[in-house]
Amino acid sequence: MLVVMQAHATEDQVRAVCRKIEKLGYRPHPMPGATRTAIGITGNQGEVEQGTLEEMPGVQEVIKVSKPYKLVSRDVKEDNTIIRFAGTQAQIGGRGLAIVAGPCAIENRDQAFAVAERVHRAGAQFFRGGAYKPRTSPYSFQGLGVEGLRIMAEIRRHFGMKIITEAIDNESLDLVEEWADVIQIGARNMQNFSLLKRAGRAKKPVLLKRGMSATLEEFLMAAEYILSEGNYNVALCERGVRTFADHTRNTLDLSLIPAVQRLSHLPILVDPSHGTGKRNKVTPLSRAAVAVGADGLLIEVHHQPDQALSDGMQSLFPDQFDDLMAQVRQIAAVLDRTVPEIGEREPVAVGT
Amino acid sequence: MLVVMQAHATEDQVRAVCRKIEKLGYRPHPMPGATRTAIGITGNQGEVEQGTLEEMPGVQEVIKVSKPYKLVSRDVKEDNTIIRFAGTQAQIGGRGLAIVAGPCAIENRDQAFAVAERVHRAGAQFFRGGAYKPRTSPYSFQGLGVEGLRIMAEIRRHFGMKIITEAIDNESLDLVEEWADVIQIGARNMQNFSLLKRAGRAKKPVLLKRGMSATLEEFLMAAEYILSEGNYNVALCERGVRTFADHTRNTLDLSLIPAVQRLSHLPILVDPSHGTGKRNKVTPLSRAAVAVGADGLLIEVHHQPDQALSDGMQSLFPDQFDDLMAQVRQIAAVLDRTVPEIGEREPVAVGT
Amino acid sequence: MLVVMQAHATEDQVRAVCRKIEKLGYRPHPMPGATRTAIGITGNQGEVEQGTLEEMPGVQEVIKVSKPYKLVSRDVKEDNTIIRFAGTQAQIGGRGLAIVAGPCAIENRDQAFAVAERVHRAGAQFFRGGAYKPRTSPYSFQGLGVEGLRIMAEIRRHFGMKIITEAIDNESLDLVEEWADVIQIGARNMQNFSLLKRAGRAKKPVLLKRGMSATLEEFLMAAEYILSEGNYNVALCERGVRTFADHTRNTLDLSLIPAVQRLSHLPILVDPSHGTGKRNKVTPLSRAAVAVGADGLLIEVHHQPDQALSDGMQSLFPDQFDDLMAQVRQIAAVLDRTVPEIGEREPVAVGT
Amino acid sequence: MLVVMQAHATEDQVRAVCRKIEKLGYRPHPMPGATRTAIGITGNQGEVEQGTLEEMPGVQEVIKVSKPYKLVSRDVKEDNTIIRFAGTQAQIGGRGLAIVAGPCAIENRDQAFAVAERVHRAGAQFFRGGAYKPRTSPYSFQGLGVEGLRIMAEIRRHFGMKIITEAIDNESLDLVEEWADVIQIGARNMQNFSLLKRAGRAKKPVLLKRGMSATLEEFLMAAEYILSEGNYNVALCERGVRTFADHTRNTLDLSLIPAVQRLSHLPILVDPSHGTGKRNKVTPLSRAAVAVGADGLLIEVHHQPDQALSDGMQSLFPDQFDDLMAQVRQIAAVLDRTVPEIGEREPVAVGT
């Protein structure tokens, strides 16, 4: 932390601030400058409650310096985290990109299988689908619940894809932890700290999406909540932030990817479907996400988007997803990364 | 909903869009204009999944028109909602302003009583204090939990103030419903729909704070979740939104007050403490909030802000709160509204 | 400026950064902390080009500390600036509020006089009207130009009000300086530095509006441009900023008022007409602006808003302006400030 | 335009609004819906001043529908605009990407040539450098002016690169038009309409950068100003927008690229140097920009960034630029686009 004094602050005022800092248990470092004095503060662990420093006579401003995150930081772990899944080559965070695809919501068994068959064939190792949907309106379709989880478990058996699905409260998290392979925490719950702590005690990896107006620091602190409870298998996901711009539903902030990778060892994916909210922007932004260095993609695909119960506007047709995969595979190669080969037509297991 | 066709769209394309709209079960209203045709859509109940309309040949853009909220709207109830509390004159939403004051967090019995004594004496009818604190860092003080609720219940008995405190998950909501008078849902949980539904089944009024980047529509829809479960006693609260501006912690959006009042019958308060994050801005913005027409204020007060365990920087000293009350009382009079007279020194009941 | 080192930075890395700082001509102040070292930098005048500091091994982040503004700062001048006008009681910045009113654009002599008569009668000491209009569309009405200036000069003679009007380039500034009393620089030109310098050499006071996404620092720096050329008669004006919120055209940021007043001696007004873009929000936000402590108001008034050539939607009817004046006069009194009494019906001078 | 009536609006109110629309010279299209009536408006050319429509009894909201831009739109010209330069293969907008590189500011002849030699060798066909610098502080280096233009003209003769440089007012535009090949209008001047009109009368192509908080519509309207004066050779440039995010100087909005390309025939480049403000983000975001489909890049390069007089922090070292070019060349190939081959060491012309 740094206290910047006013230009006309007296030496007495500077001394008073220093004494105050000492009284708070920290160490002041006064730095007289050409026009004003600044006072560095050390000795604080994490967040300091600045108390009345800013209100003291002669003080211009108090600036926060030290970053409060620890476990998510490269300061603690320099090597990239790779999330592995027993008995499979699917992973999040390694050289291979994690491709997660599926419908916004699981609507019924036929729909889910129709989509799963196509995204599996195109190379996706992870199947996503909502069983619990956080919808802006209480009158919108809210998801099939545990029935949706069961359908996805069938899809795992049938196609061998790992299942990623969202938990929206402690109750659904219990079920998602039981039935799925990765627990998704959505943007609206990024600072639902109660849910983050519960996710931190889960035995399954967590995919944490950035909140709609979360700073980089807040995003990392939300992940810190999960790690601080003992779950180190956390992947982050940029999905667009809220700005004044109105040509897309959100503004996809791709510069977050290298920024996260500089500070944190956690893998980070990109969701261009929610990030743009428009089908015709998903493929270009998917290319861009891979080009910027993301560790994977979340893509909404629906076999009949115009009959989807949610987010139809941003869901790709399966043929468009095939095309997207072909394009990002080539982009990935430029960065010496790989996108899974096109899946076999034969299911991994004799299903259900 | 409205479909805007491209200038060079053919008649066949217009007809195809109309047929599509009919197939979706709605009624198209083509409006040929000087340079292009627009097609209105009616017959939809609430949200329409636009499906592939935007992707059809000749379509320029699809614009959402109808507002999805119902119960919170003046369309359904023209008169202002007033939340009353049995056996007391305290209310939220009437001619008298609701003044809610107290520390950010309940730290211990002495602190809580010291603050309560002062805010009660200054005229506050509602006491606020956090027992469950949603903190950005897992290493920050997280609140006293049920022990904090017990202390606030004592304060109610002793001073007769009504208690408002935040619930952060279903478990804490059960307890808050039991011990407090008003259940607060914080900004970070504004779209925690699971919590909103639970609050909608509670027997106590709910104070819902605006999310950090919530539009007016999203804010009203969050309230709609609560009303749709049967709880009509909902008050809204503006507490600043996230913008590029860095001179305050958030940007307090006072224009929201008349905008809400135009569309909804629900009362709306303002929290200038979180809205600015700076002690020296709280009083000016409190005056402004009352002047714009807010139905009340939430103010953080601490008897020793520089030793507060959270949000010390934005907490007023009790003397500052006295001064604030004197100022807003005069502003309120200009709008023909009232702020409670200075409380009696004598406690309402023989305490504890 | 402050360099924050990584937690695992070596002493050699710290020393290398210190040497680099010295080589750049500044003085380093290393501050070893519990988990990392920070290095303060002093000796820099104004802006430092950080060069490669952030890229040096072991560096986590470089934080800008010192504020680059000087002449606008209370560090240089503690007392409030008051802009006075010879031969009149009108002033900007004193105890009395400056009330500026008039149509968005001067459309013709009749319209201008009709509006002027009403706002003068209601107490406005300043008449505003656009002769040069910065319009988003090249096909919209662009203003009457010098003909508009002539009409406003007539209004000054007739009613004794001082004239404020916008200059949009050096050519129009020459004319505005000649014909008007205050030169307005609009939000879109807040960082048109060429125009700011020209305004700094003008003999008339300048009203500088905040840019649509200007930080407090950028706003003050824009004013600094004007002062640095020798024109110290500058008033600032908050007119709303661009955010995600869509219930008003801009988000009026009233917390800027106390923030400016803390740092700068310049007076600051508020424009709730552009700040909200909606007629029904102008009066509530005008009350709020006066309550927060603004030094005046800019209000758009039109005698026939629905026939206005620009911004009709946000212009008040004259009767609404009368009502607004009555309300803000009462609010001002609470802050021990005054709003001009209702003007005489008789013109100040026997006109034209 | 569309008028949405309140749910409880009477038929008389609907009729009154329709009559009003007719009186304004337009044609109303009432559309009775299940819960409310909407009224479409046609017959308006460009912008309509809504006047009192929103204030009429029974009106809920007035929604703007028609887009005011014409000449920039694909409605007027379906094929992509390609800006060509006589006697050279350099172009902006075709299959080949336009690579624009150079220092933020021209500081002196040696610096300019040192950078030019390197970016030319790496394949850039356009050289950029500021002669007139719009700086936030009046005390920062403001550029060499015409001396900078002369140095760039030498660079053109010596290396054959086309020169792009910024004009900040009418005076500098005259000179830039005379000495350079492309006139740049910077973000801060995107709505300096006087300058836009002057650029529209220039004989040279214009590179128009997006304003810091410009919507897509405002950006296209700014370009419309230039085209409406007769200059059809306009290229757009995304350079980041202002948001709450603080990990980069601006938030680069790559989704704008496909959005512009859908609506307009004008080419659009990306400037990741200003878009991120951080050297270590420039190369990843350059790859992303090419991957999303941009028509070119603007990159700041300096041979000694830590001694740069401006924007040193975001300037690449020449070796980093070589590497960037190698990477984007591969990405471009995936989109069937080309990046110029590495330039010859021999200058195009016998210099100076």
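The letters A, B, C and D name the chains in turn, as written, and every chain counts its residues from 1.
The working rule: a residue touches a chain if its C-beta (ideal position, glycine included) is under 8 Å from a C-beta of that chain, and two chains touch if they have at least 3 such contacts.
The shown structure was predicted, so the numbers you read here are calculated from the model rather than taken from an experiment.
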| item | value |
| --- | --- |
| Chains touching both chain A and chain C | B, D |
| Any chain that touches chain D and chain B | A, C |
| Inter-chain centre distance, chain B versus chain C - centres from mean C-alpha coordinates, in Å | 31 |
| Chain A and chain B: spacing of chain centres that average the CA atoms, whole Å | 27 |
| Sequence positions of chain C contacting 2 or more other chains | 45, 213, 242-244, 280 |
| Touching residues (chain side chain D, partner chain C) in the complex | 24, 45-47, 49-55, 68-69, 134-140, 168-172, 188-189, 191-195, 197, 212-213, 218, 221, 224-225, 228-229, 242, 278-280, 305-313 |
| Residues on chain B engaged by chain C in the complex (per definition of touch) | 213, 215-216, 241, 243-248, 251-259, 262, 275-276, 280-281, 284-285, 287-293, 327, 330-331, 334-335 |
| Interface residues, chain D side, partner chain B - complex | 2, 4, 6-8, 29, 31-36, 38, 40, 42-45, 60, 63, 65-67, 73-76, 78, 242-244 |
